[in-house]
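Both complexes below contain subunit A, partnered by subunit B and then by subunit C.
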Partner chain A sequence: MVALLGRGSIFGAPAYFMGATLDGTASAVAEFSSGDQSCRKADWKSPWCNRTYRRFCVGCHGEMGDGNGENAKWFETPLFPKPRDFQLAVFKCRSTPSGTLPTDEDLADSIKRGFDRSNMPSWNTVTNQERADLVAWIKHFSPRWQTEKPGTPIVIPPEPEVTPERIKAGRDVFARVQCWKCHGVQGMANGPSAPTLTDDLGRPIEPFNFTIGARPKCGDTDKDIYRIFMTGLDGTPMPSYADNIKPDEAWDLVFYLRTFMSQHSVEKEMAKKLDLKPVDPNAPPPAAP
Partner chain B sequence: MHVSRRLRIRSFATFASSLSSVSLILISLVLTCSQPASAIPAFARKYGLRCSACHESWPMLNYFGQKFKDNGYQLMNDRDAPIWQNPGYWPVTFRITPIWHRLSTNENADTYSTVGGVSTVTGTAIERITSTGFDLSGLDFHTGGTLEKNISFYVLPSSDSTGSFHFETVMGRLDNLFGSSWLNLKLGRFELDNLLSEKRILTLTGEGGIYQTYHFIPVGDGNIFGQIGDNQLGMEYLGHSADDRTRVSAALISSNDGNVNLTLGSNSYTGFFTASQAFDAGKLGVERLGFYAMYGEAATYYRTSGGIPIPGSGVGNKSFSREGFVGQLYFTHHFDVQIVTQHGEDNAWFGQGYGNAIATDGNGGVTCTTPTGCPPNNTPGTTLPAGARAPSWNGATFEAHYVYSPQLIFIGRYELERMSQQSTVGLASNLGNISNYTIGYRYNPFMTSRAGFAWHNEFDLFHQNGTGPTSPVTGTPTNLTISELLLGFDFDF
Partner chain C sequence: MRNRYSLAAAVSAAALVCCGALILSQNVSAAGDGKITGSVKFQGTPPHMRGIDMSKDPYCAKAHASDPAHIEEVVVGKDGGVANVVLYLSEGLTASALTGSNGPMPVLDQHNCVYTPHVTAVDVAQEFKVTTSDQTTHNIHPNPNPMTGNIPWNQSQPPGAAPIVKSWKAAEMIPVQCNIHPWMHGYFAVVKGPYATTDESGDYTINNVPAGNYTVTAWQEKYGTQTAKVTVAAGGSGSANFTFK
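Our next item is the complex of A and B:
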């Protein structure tokens, strides 16, 4: 009866509540209403500290949030990425600069969206309160949240109108920052570096293949793709290009990448009319404007 | 998986005492031996999710599990097609329930006296017949999942406790047609889109293991086709929003109560429609309100050969309807109440026993062997008796759950079925009324993504007016009372 009777009587109401809100203004930790038991520090291992986490997440992410749930060992990378280790507090999908902690909204959005090409489904059925509870619980696994504040979300300028010139310019950016080395010259995830890629923990990882109709892990809107360039995907080989490309260039790159995607788009039509050729990997990269 | 049989009782006081004792012993067991439950572990094994992800408590679905089902048993994460699975993965789960149970009901039993050392039957009396003993449920083999992305299936061969199999569910489904979650089509034999699913009921006794509201038929009524709890043959459209908060469905089914081989209702169809909306109620959880409606016709006249009805020859369709509201109301993580109401009405011909003239055995055969042994058949020239009218009734099911954790759930249910108009003028107004009370709990001592196991304890008390044994004194039917206690292991792997 270890698991059930870890805290009080089985018939005693667990009576916990969560004080988290998505805007992070309220307490972001779980507490027992009985007062002397708190999930804030030592008791965070208690099975009662977060029922939502235990119900939905623990099988993969583990009791300790270390990504070592009972199923983690069956996930074979790179086809099935390993569950996130919340103790490291390193997250791919953020609105904040590379290396910083994500906002609560970033984490809640990730839970709601899920991650294609992984075992993490979209948890869009849970209530906002439950998502807030989960965010709070995820955050308590790492001491980073005690000592650091989330980064300031990057500013995304309004999306310009797509033009053939912008698509061509995007192609130049694609060549200059050598996206093709991993993603391939046609976005098929077959660049020369692709087989060598590993995440920060040394596990094999695949670059995104733009051509198979899959949704990018951090969202599939133009804004989401823009954000990925500028924030990078922490913990993966995908760096932030915030220091290398200007906002306008980032939009150009978004438009160019759309030409790879299988879904019908204005960009694809324009690229077809332009008879746009893939970048030449042997040509010297174009100079920055 | 229902367990039913009727034998003899002694006294209710003794029974109540033993119930209390057994319950206390079980609770003690629950409290002293455990670890950290599961439903169709084949799905859990495929996706690596614990059963609690999809089940409020096995086998009852939570809102995530309902979305998973509505998506065609897919997580929609680009890893749903079988090509992503280990080739050794085989989506099969079995479920069976070894039990001990006690069943008590009132029956007409012979009475004896001894004259000159010889035991002689002197008459009959209504007595409680109670039986106790160890027993088995039937066996289910669930197999389901995806054949390809957005093409799913479910096949469920199910046996009774003697090992006689039938196909409880067989269906193929086209999911998310044209990339829209609003367009899903199913074909086969399947459970109707009942939000409070009888196939995922948390109780297992003969009367408590079904929802009375889903099967109620007025006394003497021949319409077996309006039982929304039975799996039906047909096709279904289902549409839902991405987060499953909004759901609509429409099914066209044969009016044959799911019986195969076109023996019943081969020329009649029924429509079943549902719609529901859920909303986020903050800390209370996700609340859902909806309605369902069933409108159908079924044959009352079967052509005959030598007076015996010919299977599949049904004509003379008459109408019936069932409508109701559904509420799934959650009050924090622990407590919820599920409510289903029903207003039902059958055509007057059904009320007089017409409908199932072939007395099917469920597989296409006619079980009556002589013309007089068959149910009423609306042969040409038949007229309704004087005073015949369309029977109608109202019913409701209230089921409450206290979910201490996904591993331990307490269940309480009250069902009532009340006739509002009998099929014949002069019948007692309460004839056939049902009151059913069920309480129980299920404890899952472990919670993994590999298998499910529950310690199950349940008590059901069923009462129906005027359907009990006929009183030898007054010559009129008495009320039927059945009580059943069940405990055992319910497991699947």
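Our next item is the complex of A and C:
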């Protein structure tokens, strides 16, 4: 716990807020349990509404939620992405289509998961109630949450069984939608477009390298990987493929992507047996089925 | 008694509303047929249009093998006309001029790894279409300021993909780019009410302008905006010329 906190510079937060958290009585917690509403409408400046934010998040994300906390200047892109600017309400990890607001669950999941290869640790140390409070507080930074509803989460069909045919089909999808333009034909983040990528604010950003044993930013389960390319990572060059990859094909692609990853997997074994070659970048992309 | 009175009041109110709507709709059709014409010229030597190296994508490079593409930040025609300038009415618009005054759905096509047109003008809330004619994957990534109410999105279009139909919520000049082909850079010019875009002649005509006093604004992506005051009589035409240098 202490090691985790050390990275987040809670020491910059006023001591009385830490005191408030420690002294938190059961009655005060109950008062806040309606969380979302009470903080948005009534006295959202009360220490109760932002105590968790001020304790753990303010050091990087800043008092105004604009990602300009006192530690932000030490983050060097693209190795370490800058803290999210909550005033823009643009989020990478969503279950909702590109250009829509994420659900509360998406935000809570991101807080819980943390972001691999960034300075955002996994906050699975806070309680579910505290995470809900954080979500409410994050949402108060942008007026978008008052005027818009979160998008409708995409429907993910149940995961089929992995077969060599599906892995081969996944390779075709990979070639057709040209993932390799950025991610490279072997998933090594060395595609022809990789060196020029920037995020929405013009800062350099790298495509995901599947081969270094890292976890994808928005989760490493098969479902997470499915969601990543079907919703896109807003604010980054990664677009949504929801209109161009059918749900069944999407699972094929997930299985093919697994074959790049350094971790042992059924998919990797099968690909080895199939003796699958990387796609040919000079061949014209296969037509849609 | 009271009931009967209120009924009468309601009936007359309804009649008034009907008449009002009728008059209003007549106003729209009668007054919306004026126009503003003019031209946008460049003074001096136009800036050099830098060439684009498309060798990273063989498909794009092949398409431009004999006709190299250039950065279209400032496009000046043979006679000094400035292309891709968007002209719109920044002041003086009344509610009647704001709706339905612009014609067919604007289309942004990705053709040979270039945005055609470079600047796509649309009315606020008017639907537009993004299509691809290329045998290479593009991603369409408009990057508006989320503070304005326009929301950034990012969608892919592999070869043969269906068109994307969208609209914008607020007036803003929105840069759009393809991250896969970083030279592909254009704009959605989202404006309120009637608008026009220039071609290389620099000439323009804003149609469907109701009678009134207007400020016409000419927007060019590098040089910014210029304005002119124009008066349009019912069914008549006004004129405004602009010079960028």
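In the analysis below, the second predicted complex is superposed on the first by the 240 of 289 C-alpha atoms of A that agree within 3 Å, B and C clash if a C-alpha of one lies under 4 Å from a C-alpha of the other, contacts with A are read in each partner's own complex, and residues count from 1 in each chain.
In this text, a contact is a pair of C-beta atoms (placed from the backbone, for glycine too) under 8 Å apart; a residue touches a chain by one contact, two chains touch by 3 or more.
Every value quoted in this text rests on a predicted model; they were computed, and no experiment measured them.
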Q) When the two structures are overlaid on chain A, which partner does A:G65 contact: first (subunit B), second (subunit C), both, or neither? A) neither
Q: Look at A:P102 in the shared chain and tell me whether it touches subunit B only, subunit C only, both, or neither; answer first, second, both or neither.
A: neither
Q: Once the structures are superposed on A, label A:P150 by its partner contacts, choosing first (subunit B), second (subunit C), both or neither.
A: neither
Q. Touching A:G184 in the superposition: subunit B (first), subunit C (second), both, neither?
A. neither
Q) When the two structures are overlaid on chain A, which partner does A:G170 contact: first (subunit B), second (subunit C), both, or neither? A) neither
(Q) From the superposed pair, tell me which subunit A residues show up as contacts to subunit B and also as contacts to subunit C. (A) none
(Q) For a test of understanding, state which residues of subunit A touch subunit C in their complex under the given definition. (A) 87-90, 98-100, 142, 144, 147, 176-178, 181-182, 192-193, 196-198, 200, 232, 234-244, 282, 284-285, 287-288
Q: Please name which positions on subunit C make contact with subunit A in the complex.
A: 56-59, 135-137, 139-141, 143, 146-147, 149, 151-162, 164, 179-182
Q | Residues of subunit A that touch subunit B when the two form their complex | A | 1-5, 10, 13, 17, 47, 51-52, 54-56, 58-60, 70-71, 74-75, 79-80, 114-129, 214-215
Q | Residues of subunit B touching subunit A in the complex | A | 30-36, 47-50, 52-53, 62-64, 66-67, 75-79, 84, 242-245, 280-283, 285-286, 333-334, 404-408, 448-449
